[in-house]
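The following blocks contain the structures, represented as C-alpha cells.
One chain, subunit A, appears in both complexes that follow, with subunit B as partner in the first and subunit C in the second.
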Partner chain A sequence: MAKIFAVTIIVIAILSAIPIVRHTWWLPPDVSTHGQPIDEQMSETMAEAGLSFLAAQILLAIFIWKYSKPRPGEKIKNFPGGAMGLVIAAFLLVGTEVLALGAFGAKAWASIYLTPPSPDAMPIQVQAGQFAFYFRYPGPDGKFGPLHPDLISEANENFFGLDTTHDAASKDDIVTAEMAIPVNREIHLLMHSKDLGHSFYVPELRVHQDFVPGLDLSIHFTANKIGKYEIVCTQLCGLGHYNMKAYLEVMSQEDFDSWLKRQAALQ
Partner chain B sequence: MNAHHPQKFAAAMLVAILICIGAVLVGPKVNAAADGTITGSVKLNGTAPHMKGIDMSKDPYCVKANANNAPKLENVVVGSGGGLENVVLYISEGLTSPTESTAVQVFNQKNCMYSPHVLAMDVGETFKVETSDNTAHNIHPNPNPMTGNIPWNQSQPPGAPPVEKSWKAPEFIEVKCNIHPWMHGWFAVVKGPYATTDADGNYTIKDVPAGNYTVTAWQEVYGKQTQKVTVAAGGSAKADFTFQAK
Partner chain C sequence: MHDMSAHAHVAHHAPPTSFIRKHIFSIDHKVIGKQYYGLALVAVFVGMVLSWLMRLHLGWANLAIPGLHWLSSTGAPGDVMTPEYYLQLMTMHGTIMVFFVLTTAPFAAFGNYFLPIQVGAEDMPFPHFNMMSFWVTFVAFLVLIASFFVSDGPTLGGWTQYAPLSAVGAVAGPGQGMGVVLWAASIAIFCVGQLLGSLNFITTTLNMRTKGMSLWRMPLTTWGWFITSVMGLTAFAVLMPACILLILDHVAGTSFFVASNLVLNDQLQPHAGGSTLLWQHLFWFFGHPEVYIAIVPGMGIVSHVLVANMRRPMLSHRVLVYSMGALAVLSYMVYGHHMFVSGMNPVSSIAFSFPTLIITIPSTIIVLIWIGSLYGSRLRINTASLFALGMISMFISGGVSGFFLAQPSLDIMLHATYFVVGHFHLVMAVAAIFGIFSGTYFWFPKMFGRMMNETLGKIHFWLTFVGAYCIFMPFHYLGLAGNVRRYQAFVDDYLQPLIPVHRFITVAALVTGAAQLIFLYNLIHSRFGGEKAPDNPWQATSLEWATPTTPPPYDNFGGHLPTVYHDPYQYGIEGSTGDYVMQNSPEKVQSVGEEA
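Up next is the complex of A and B:
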C-alpha cells in the first residue's frame, strides 16, 4: 500500500510538471520591447520552484517507500544536529533561493519601472473608475488641461471633469474609451483612479500596474507588434469588476493619426 | 345588543361589510370623471447645443449594435420645427383627487442606450425594466433618499426577466449603467397625470378632471417652466412652452 502511495506521489508530481515545462498555460506572446527580462525571470522562477518541488516530492516518495514498514530493533536516525539543525538548513536553503530570485527579479523590475521615459515618449492619461477605463490624449497643443473632479458628469460624458469653456489646454483634449497607440513608439501612461483601487493589466504587453486612489502613477512601454489586446482590471473593485475592461489597439502611425482624428470629431 | 338573536346580528354585520367593500370598489370610479386633456407643444428657441458622440468601444457588442448609426448623447433632442423631445409635462398644482394608473410602461435597454431616454410615471405606478441587448447591463437609479425613494442597483444579463419597480415619491431620478458609463436616462416621477413630448415636441396629458391647474414642463438640461390652465369637464386646455437654448 505504501509503495503504491509513493509511486502515486511521483506520478502526480511529474504530471503537474508537464504543463509547466511545455508552457501549456504560459503568458501570451510578448508584444513589448521590455518584456524579455520579465519572461526570463518568470521562466527562472518556474524552473527553480519546479525543480525544488520535484526534488521534495521524490524525496518524500523514497522515504515512504523505504521506511513504511516497521523494522523491529532498528532505531530511526536523527538529522545531524537534531530538529534545530534541520530548521537552520532548510531556512538557509530556501532563504537563499527566495532572496536570489528577489534580487534578480528586482533588477528586471527596476529596469522597467525605475527608469524614466524618454523625453519624446507620447503621453496618454488613463482614468480608472467603476467600471470602465477612459483615456485622454493631449491634442495638438500637447498639454493636458487641469482636472476638476466636481465637473465629472457621466450624463455629459465629462468623465475626467474637464472645463473646456475656461481651460485653454482642455479645449483640444481628446477623451476616448479605447486606447490606441502607434507601434514602436514609447508611451508614457499617466494613471489615476476616480474612485478606488483598480489595475491596468495587459498580459501581452507585460504591463501590470495598480491604480491607487489619490496617487498619480506612471509607467512607460513600447509595443512592437500591431494588434488588438485587452486591458483588464485585476483588483476586485465591485459588482461590475468582471466587466471592467477596455481595448488596446496597436496601430501603424498612419492608422493611429486617422483614428485620433475620428476620435477628435466625437468630442 | 340583542343576545337572543345572534343570526340577526350576523346578518346585519354581513350587510354592513358588503356595503363597505362596495363603497371601496365603486369609490374611485365615482372620482374618475376625468376625461379632460391638456395639450400643446414644447420648443427650443435658439441653436441646439452640440451633443457629443459616444465611444462604445469598451463593449464590442454595443459597437456592433450601433454599426449603422452614430450614437450620441440625448440630453437635448430637437425635432422638426424646433420641437423638443423628452420633456415631461405634469400638473404641479391644483389636483384634488389622486389618480390611478394601470398602465405598465417599459424602460428598455436597447443597443446600449435607454429607450425611452426619459420615462415619466405617476407615484406608485409599476414600470418594467427590460433588456433587448445581448450584453449584461446594470440598472442603477440614484434617487435622493431624503425623498423616501430608495436607491437600487440591479444587474440584468441577456435574457433576464424584466425588473418590476415603482417609486414612492415625486422626483426626477437619474438612471445609469455602471458597465456602460455613457448610458444615462431619467425616471421622471410625478403626482397625477403626465405626458412626455414626442419627436416633434407635442404632448397630450389625458384623464384630467375639470379644474384650475398649474402645468409644469421639465427638461433635464433647461429645468422647469410653468403655466396656468383651466380644464372644463371633458374639455381641452392648451399650454405651449418655449425653452431658451443656453
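Up next is the complex of A and C:
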C-alpha cells in the first residue's frame, strides 16, 4: 500500500502542475501599462513555488516508498547532514527565495501604489453602492461638485447626491452607469462608497482596490488596449453581490470625446 | 531542569457516581475531551451538509434540491436557493467549520483528553473551569444554530463579518439584524470557553507535570497544545471585545465600525464617526493566529503519530518545537496580508508582506524535519500513519500558495478569488482535518478501549485523500482565472466558461463528503463492536499508553502518578519490550538521542 500511496502522491503532484504549466486557466491578457511587473512576478513565483511543491511531494513519496519495508534487523539511519543541515538549507534556500520575492514584489507594488498620478491624469469618480457602480466625469470646468448624502435618491436618479441647483461645479458633472476611458491616457480614479464595503476589480487591467465607507481612496492606471472589460465587486456587500458589475470600455480619444458628449447631452 | 518540574497537588475528587455528573456535567478532562469531540463531530456534519448545498448551487444555480424548502421556506422557495440564502449557508459553513470544528477538535478535544495524561497529571488544575469551557462552547453553538430559526435567517456577511455590512443592521439585507447579533453573541461566548480552556492548558503544562517530566520531555502533541493555548489566550481575548462592540453597534446605537454619512435604501444612516477598517484590524489580529490555532495542534498530532509509526524519534524534537513557537510568534505579525487592497496604507502592505514571507521558513523547517525523519525509518503503514503522511502532502500543497498571497503585488490579482479559498482550505482546513483523522485512528483504542476497523479506515483515507485534491486543487486554477469568491452564481461573461470546473468540484465534494459516512460508521461500529484494544496497541512510548487500564481510570494513573525517565520518543533502540522504551520505564537504555 505504501508504494501505491507514493505513486499516487507523485501522480497528483504532476497532474496538478500540468494546467499551470499549460496555462489552461491563467490570468487574462494584460491591458495596462503597469501590469507587466505583476505578470512577471506571478510567473517567477509560480516557478519557485511549483518547484518547491514538486520537490517536496516527490521527496515525500520516495521516502514513503523506500522506508516502508525495512529489511529485518535494519537499524534506523539519520538523514545526511541531520536536522541542522535541513535548517540551514531552509534558511538559505527558502530564506533567499522569499527575500528575493519580497524585494521584487515590493518594487512592483510600490511602482503602482506608492507612485502618485501624473498631474495631467484624467480624474473620474466611481461610486459603489448596493449593487451598482456609478461614474462621474467633471465636465468642462474640470471640477467635481460636492456630494450631499442626504440628497441621494435612486428614485430620482440622483445617485451621487448632487445639488445641481446650488452647486455650480455640479451643473456640468456627467454621471454614467458605464465607464469609458481613452486608451493610453492615465486615469486617476477617485473611489467613494455610499453605503458599505465594495471593491473595484478589473482583472485585465491588473487593478483591484476596496472601497472603504468613510475613507475616499484613489488609484491610477493607464489602459493600453482598446476593448470592453468587466468591472466586478469582490467585497461581499449583500445578496446582490454576485451581480454587482459594470463595464469598462477603453476607446480611442476621438471615440471617447464623442461618447462623453453623448453622455453630457443625456444629463 | 528535570528536577525543576513541579507537580502542584490539586484537591482529589472521588469518581462521580450519578449519570449526570459522570457523563454530562463532568469535571473529568477525559469526558470533557470526548464531549468536545462529539460537538465537533456534530458541527462538522452540519458544516459539510451546508457545503454540499452550496456546491450543488454553484454547479447548477437553478437546481431544485429536494426538501430544501423544509430548511427555509423563504430561503429556498420551490427548493431553489435564493442568492441571500446561499450567502447565509456559506457564512454558517465557514463559522461552524473554523470555530466549532477546526478549533474544538484538534485543540480542545484531543488536548483535553491527552494533555494531562501525557504530562502525567491526574487532571487539570481548574476542572470546574474546564467543564464550564465545554458547556459555554456548547451554548455558543446553540446560539449560532438558533440564527437559522429567526425570522430572516442567519447572517449573510461571511465568517469574517466585515463592517459596515455587519454593523448597520437589517437595512443591509436579510440576516444582518438579529442574525448578526446572534453570530456575534455566539462567537463572544465561544471566546469565553476557549479562554478558560487555554488557561487550563497553560497551567496544566507549567504546573502539573509529573516527576521527571521536564519541558523537553513533553511529547510534540503537548508542545502543540501548549503553544496553541498561548495563542488562544491572546487571540480570543481580542476577538471577544470586538464582537461585543459589534453587538453594541446593533443594540446600543454606537458606531464603532460605521462611518458617517452612509446611505442605504436612500436613507441616511443614524451612525457617525466609526471606522470600517477597525473591524478588519481587530478581526485579523485574531484571524491569522486562528489559522495556527487550527493547524499547530495538527502538527503536534501528526508528529506524534509519525514517530510511533516510523519507529524513530524526529530528526530534531527541539527544532520542531522552536519552529512551532516561531509560527506562533510570527502569526501576530502577518495579519495585514489579509488587507493588502483594503485601503490600508500601502506602505503597511510591504511591512506585512515580509513577515508573511518569512513565516514560510519555520513552516519549511517543519516539513523538512518530517520528511527528513522518514529517511532511514522503519515506516509502518496504517490508517493513522496514512492520514499523518497525507496531512504532510496537503500542508505542502496548501503552503506553497502562501508564497503568492504574501505578496501585495500578486494579491492585486488573487485577493478575494478562489485561489485564496483553495489555499486556506488545504493548509488549515484539510491539513487540520487530516490531523484530526490521524489522531482519531491513533487514539481511539485508548479513548474507547476498542480498535477501529483498519479496512474501513483505509477506504476512508483513499477516498478522502484523492477527493480533497480533486476539490481544492482546481480552486487555485479558478482563482488564477479571476474567479471571485462569495458569488452565488457566475453571471459575468468571463466567469461563465469556468462553470464546468465548478461542476467537477461539486461532484468531487459530494463523493468525498459521502466517504465521511464510512468514517462515521466506523466510529460508531467500532465504539460498540470493535476488537478489544490492548493497553498499548502501537507499541508507543508516551504516558497515555502507560495508564493502568484502557480507557484510563478516573484519575488517569490509578492513584500512582508515573515518574518519567526518558525523552518522549525512545524508538529504534533495543529495549526489553522491543524497539522502544516507555517514558515511565526505569529501564536504562542507550538513548537514541537526537542530532540537534
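We adopt the following convention: the second predicted complex is superposed on the first by the 240 of 267 C-alpha atoms of A that agree within 3 Å, B and C clash if a C-alpha of one lies under 4 Å from a C-alpha of the other, contacts with A are read in each partner's own complex, and residues count from 1 in each chain.
By definition in this document, a contact is a pair of C-beta atoms (placed from the backbone, for glycine too) under 8 Å apart; a residue touches a chain by one contact, two chains touch by 3 or more.
Since the structure is predicted, the reported quantities are computational estimates derived from the model, not experimental observations.
Colleague: Scan A:W26 for contacts with subunit B and subunit C and give back first, second, both or neither.
Modeller: Touch status of A:W26: second partner only.
Colleague: Considering only the touch criterion stated at the top, classify A:V250 as touching first (subunit B), second (subunit C), both, or neither.
Modeller: It touches nothing on subunit B or subunit C.
Colleague: A:P213 in the overlay: touching subunit B, subunit C, both, or neither? Say first, second, both or neither.
Modeller: Second partner only.
Colleague: In the superposed arrangement, which partner chain does A:Q130 touch: subunit B (first), subunit C (second), both, or neither?
Modeller: So A:Q130 meets both subunit B and subunit C here.
Colleague: Go through the superposed model and pick first if A:G240 touches only subunit B, second if only subunit C, both, or neither.
Modeller: Both partners.
Colleague: Touching A:I152, do we find subunit B (first), subunit C (second), both, or neither?
Modeller: Second partner only, subunit C.
Colleague: Name the contact category of A:E178: first (subunit B only), second (subunit C only), both, or neither.
Modeller: So A:E178 only meets subunit B here.
Colleague: Per the contact definition in the header, classify A:Q263: touching subunit B only (first), subunit C only (second), both, or neither.
Modeller: A:Q263: touches subunit B, not subunit C.
Colleague: Subunit B or subunit C: which reaches more residues on subunit A?
Modeller: It is C that touches the greater number of subunit A residues.
Colleague: Take the contacts of subunit A with subunit B and those with subunit C, and give the residues found in both.
Modeller: Correct list for subunit A: 129-130, 154-155, 238-240, 243, 245.
Colleague: Which of the residues in subunit B end up touching subunit A in this complex?
Modeller: That would be residues 52-58, 73, 75, 136, 138, 153, 155, 174, 176, 178-182, 184, 220 of subunit B.
Colleague: What does subunit A use to touch subunit B in their complex?
Modeller: Its residues touching subunit B are 129-134, 154-157, 159, 176-178, 238-240, 243, 245-247, 263, 265-267.
Colleague: Which residues of subunit C touch subunit A in their complex?
Modeller: By the definition above, subunit C touches subunit A via 82-84, 87, 156-158, 162-165, 168, 172-174, 176, 258-264, 266, 268, 274-277, 310-312, 315-316, 319, 341-343, 346-347, 349-350, 353-354, 357-358, 360-361, 364-365, 367-369, 371-381, 386, 389, 392-393, 396-397, 400-401, 403-404, 406-413, 415-417, 458, 465-466, 469, 473, 477-478, 480-482, 484-494, 498, 501, 571-572, 592, 594-596.
Colleague: Of all residues in subunit A, which touch subunit C in the complex?
Modeller: 1-2, 5, 8-9, 12, 16, 19-20, 24-28, 37-38, 41-42, 45-46, 48-50, 52-53, 56-57, 59-60, 63-64, 67-68, 70, 74-79, 82-84, 86-87, 89-91, 94-95, 97-99, 101-102, 105-106, 108-110, 112-114, 129-130, 149-150, 152-155, 161, 194-197, 199, 201, 203, 206-215, 217, 230, 232-243, 245
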